[in-house]
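Read from first to last, the chains carry the letters A, B and C; within each, the first residue is number 1.
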Amino acid sequence: MATTYKRKPTKAEIRREQMEAAVMYPIDWLEERSGLVGGVKYFLFRNVPSDINWMQTLGSAALTAFLVQAITGVILAMYYTPSVQTDPATGQPVAWESIRHITDDVTMGWLVRGMHKWGASVFIILMFLHMGRVFLFGAYKYPRELNWIVGVLILVMGLMEGFTGYLLPWDQTAYWASVVGINLNGTAPFLGPWLAQFLRGGQEIGGETLTRFYSIHMLLIPGAIIGLITLHLYLVIRLGVTSPPWSKEAAGMEPAEDGHAPLRPGLTRPVTRNGNGIAAQGEPGGQK
Amino acid sequence: MAVVQQPKEKPSRTDENRAGFARYKEDVKKRGKPFYPYAMFHDTVMSLVVVAVIIGLAAIWKWSSFGPHHDGTNPGLLGPEYDAPADPGTTSFVPRPDWYFYFLFYLLRIFKWPESVFLGTVGVPTICLLLLIGLPFLDRRRERRPSARPVAMVAGALTILSMGVLTWKGATANEALASEVIRDVPRWIQQENLPPAAVPGAKLFATSGCTACHTYAGSGGSNLGAPDLTNIASRNLGIATQVKHLRNPSSVTPGSPMPSFASLGDARLHQLAIFLESSHGTH
Amino acid sequence: MQPEQPSPENQHEEAHLPSPSVYPIGFAIGIVVILVGLVINPELISSIGAVIALVFGFLWARDATRDLRGEPVAVEPERREMVEAGAGETAPPADQQGVALPVVPETAVTRSHFLEGATIGLGAVIGGLITVPVAGFALLPSFLGQKQHKVDLGPVDKFPIGSWFIATFIVDPAQGEVSRRAAFVRNNGSVTDPSTKKQVPSFTIISNRCTHVGCPTQANGPQGPTLGKPTIKEHTANGPAEFVPVIPAGYGCPCHGSQFDTEGNRTAGPAVRALDRYGFEINHGRLVLLSTYSVSHVVGTGGQAQIYKYKSTGPGQHVDGPEAWFYPLQPPHH
């Protein structure tokens, strides 16, 4: 029998191999020392059901809106001053003046401020839409109950973020909306008055209120939201994304038995066992 | 040969849950598609739309407010760029929260009775939040198809509807107080064909809080059973009766909850009476 | 086992562990005393420290160089005895019988138990040391150090009897504009003080913050330009103040529809009590505002009004009736 010799590689093929090796070298270096590359690959190339639809992009859309808020917020923080003292040069409160400065004087300041202001509304709308989609799909049921709870906490944190951020421009709408919001807390029985006084930083809304709302808005709640979002994403990756429940090819449907049409996901039917007491395929205790 | 029928065993809910989830994982492994690029493409497109919307809103805000006259206090399509600085001693500002809190704001207006205030401020919102968090424990059925979850679908639809209605009503609520109503006077003059003699009375009517309880030509609110006054002149009460009523409402309408406006002084009461007796209705 | 004699061959192979001694500690103490003495009293205390350091340093060096000088070093060997496990005791593993660890009753505090407890305990202590001051810093300042501020509104004669004004004034000059407040003020004329039987001026001074959730109420009545009277501006000790003439038939809140009469009593809406009032005093013929207090209701009008007073309470919180039990403890108010 004639031996087949491997054809000698062409120059182009050699170059290609060299380039691939050069690109893979740092990636392999990183992977060997951290395992992170493997994690990213798992995230990117894991399987999701083949019939997912556009409604299921609302979650990542909300994440994008949050990232927009975080980035624009960091930039705004470089120009904003949380002080209620009257600026002698302009006769206006320093905080209000810094916002006016951002809007009018700073290059593209109006864009960053506008994106942050409207991004807040978009973020909240997307969270509500995402919550509605999850409710519609029944994707809060086993095993995703914890993820639902984490999601509700993110929603509450998002609303609190909006509330604390609303005070920062220190204009009339900001001031009075915050007066009402803090006093609402004050009507809670027993601890309400103490909570309201803590939020205010004293008996009346003043400079302390603005600085602590700034601290809560910039540090406390973003930290909490980032932690919760991380947990939320981890659970989504671990538990998987559901198919639309009305889909004909939904992942996780019960298999056909005895010639019947396949059942839709989630439908409960008493599991029958044949005469030998052996469970049918796909049932609990049955063979896979 | 007789076949002995084994009794049907019903597996526990936990077992069914776990089996269902195992089936799902298996299905996704066999029939699923990789997240990148299929799902991630959808996510990327949607994210692009979101960023474009945010930038678009910011741009519209800027150019419709500041653009026309280079004045950031001009309202424009999306509101003014900036508002007056905080004035804790104001007596003419109408506070409103950010739009996504309008439903809570209107809830406070629904709970009008002083004894029920804490329900509107903390009671109802807390209960709703607890129900929301506890949803997976209230609904433990495995069924996910909307067509087979009537309770969930009805509850969801009712929630969305009520939040929407509360938000809209919160957005359109106005308290009809002096600082707002004074701007309606030119429209009243035009719609009711008010003669010049009635204008001072119209301004007094707008700023004296009458519209807190009375409606007039589309302004104001109805409270405490106060009648609409758009065409009060058609009742032909006459100037003298109007003045007497304003001075002491209970003397003309026994048991009326309307407060006395005698403090305005006779001259102003007379102007108000002229205004009221000129109000024959809008055309 | 016999203690091994340190011989030139094996003294580099084994770790040499002399028996513990106090000399290094003494030396360290000597150094510390030298340094402290440099600060306090160089001649006396540093000298003492130097002596201590030298003595202990010499002894320590002598001890540490023992084997270099060829003297035998007494090294205590670990004693491992073979015993059978008794009741309630751990038997050493069979393969370690030759070098078994000392037998320890299971109920004794082993080294690992002690370390576990110490780690958690010390962690708790550190946590407490950090958290308590920080929490105190975060929580306490909101509640302590609240001061009363007096507001001088001007001579009593500047307020015509029976005329209402919407007064805006600064409460705390140190805080500036952020402490501006508004009140509805009327001079009621003179009344007889029941205790001194003298004529004293009487004012009705009503805070404009609604008692539902604190929105700014407005006067229901013509004011300023509609009334045709000018606004009076004054420079008080606390800062600029304004007085706008008004003829109110009552006060109304733009937020949720509460209405109040001219004495501040609630007539409609979700407000839970009458409007708060400012206490006042007359100081050299000038009207001076004191702290606010809460009012459940007012009977009568003007100088003859009977005001049912309560400690200053936040908006939305009942001061009387069964719901007052929801708010038993108020934060300290000046």
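In this text, contacts are C-beta pairs under 8 Å (C-beta built on N, C-alpha and C of every residue); 3 or more make two chains touch, one makes a residue touch a chain.
The model shown is predicted, which means the values in this text are computed figures rather than measured ones.
Between the contact lists of subunit A and subunit B, the overlap consists of C.
Chain nearest the geometric middle of the protein is A, using mean C-alpha positions. With centres computed as the average of Cα coordinates, no chain lies farther from subunit B than C.
C-beta contact counts were set side by side for A-C and B-C; B-C has more. Spacing of subunit A relative to subunit B, judged by their CA centroids, is 28 angstrom. Remark: subunit A and subunit C have CA centroids separated by 35 Å (rounded to whole angstrom).
Centre-to-centre spacing of subunit B and subunit C amounts to 39 Å, using the average Cα coordinate of each chain. Among the residues of subunit A, those in touch with two or more other chains are 84, 93, 176, 179-180, 184, 187, 189, 192, 205. Shared interface positions of subunit C, defined as residues touching 2 or more other chains, are 177-179, 213, 215-216, 255, 316, 326. Counting partner chains per residue, subunit B shows two or more touched chains at residues 86-88, 90, 93, 95, 108, 117-118, 121. Subunit B meets subunit C in the complex at residues 86-95, 105, 108-109, 111-118, 120-121, 175, 177-180, 182, 203-204, 207-210, 212-213, 221, 223-224, 257, 259-261, 263-265, 268. Residues 3-6, 8-11, 15-21, 23-29, 31-36, 38-40, 42-43, 45-47, 49-51, 53-55, 57-59, 61-62, 66, 72, 78, 81-88, 90, 93, 95-101, 108, 117-118, 121-122, 129, 132-133, 135-137, 139-149, 152, 156, 160 of subunit B are the ones that touch subunit A when the two sit in their complex.
Across the interface of their complex, subunit A is touched by residues 139, 141-143, 146, 171, 175-179, 213-216, 255, 313-317, 326-331, 333-334 of subunit C. Residues 84-86, 93, 176, 179-180, 182-184, 186-187, 189-190, 192-194, 196-198, 200-208 of subunit A are the ones that touch subunit C when the two sit in their complex.
By the touch rule above, subunit A contacts subunit B in their complex via residues 43-50, 52, 54, 56-58, 60-61, 64-65, 68, 84, 92-93, 96, 99-100, 103-104, 110-111, 113-115, 117-122, 124-126, 132, 135-145, 148-149, 152, 156, 159, 162-163, 166, 169-177, 179-181, 184-185, 187-189, 192, 205, 240-242, 245-246, 249, 251-255, 264-268, 270-275, 277, 282-285, 288.
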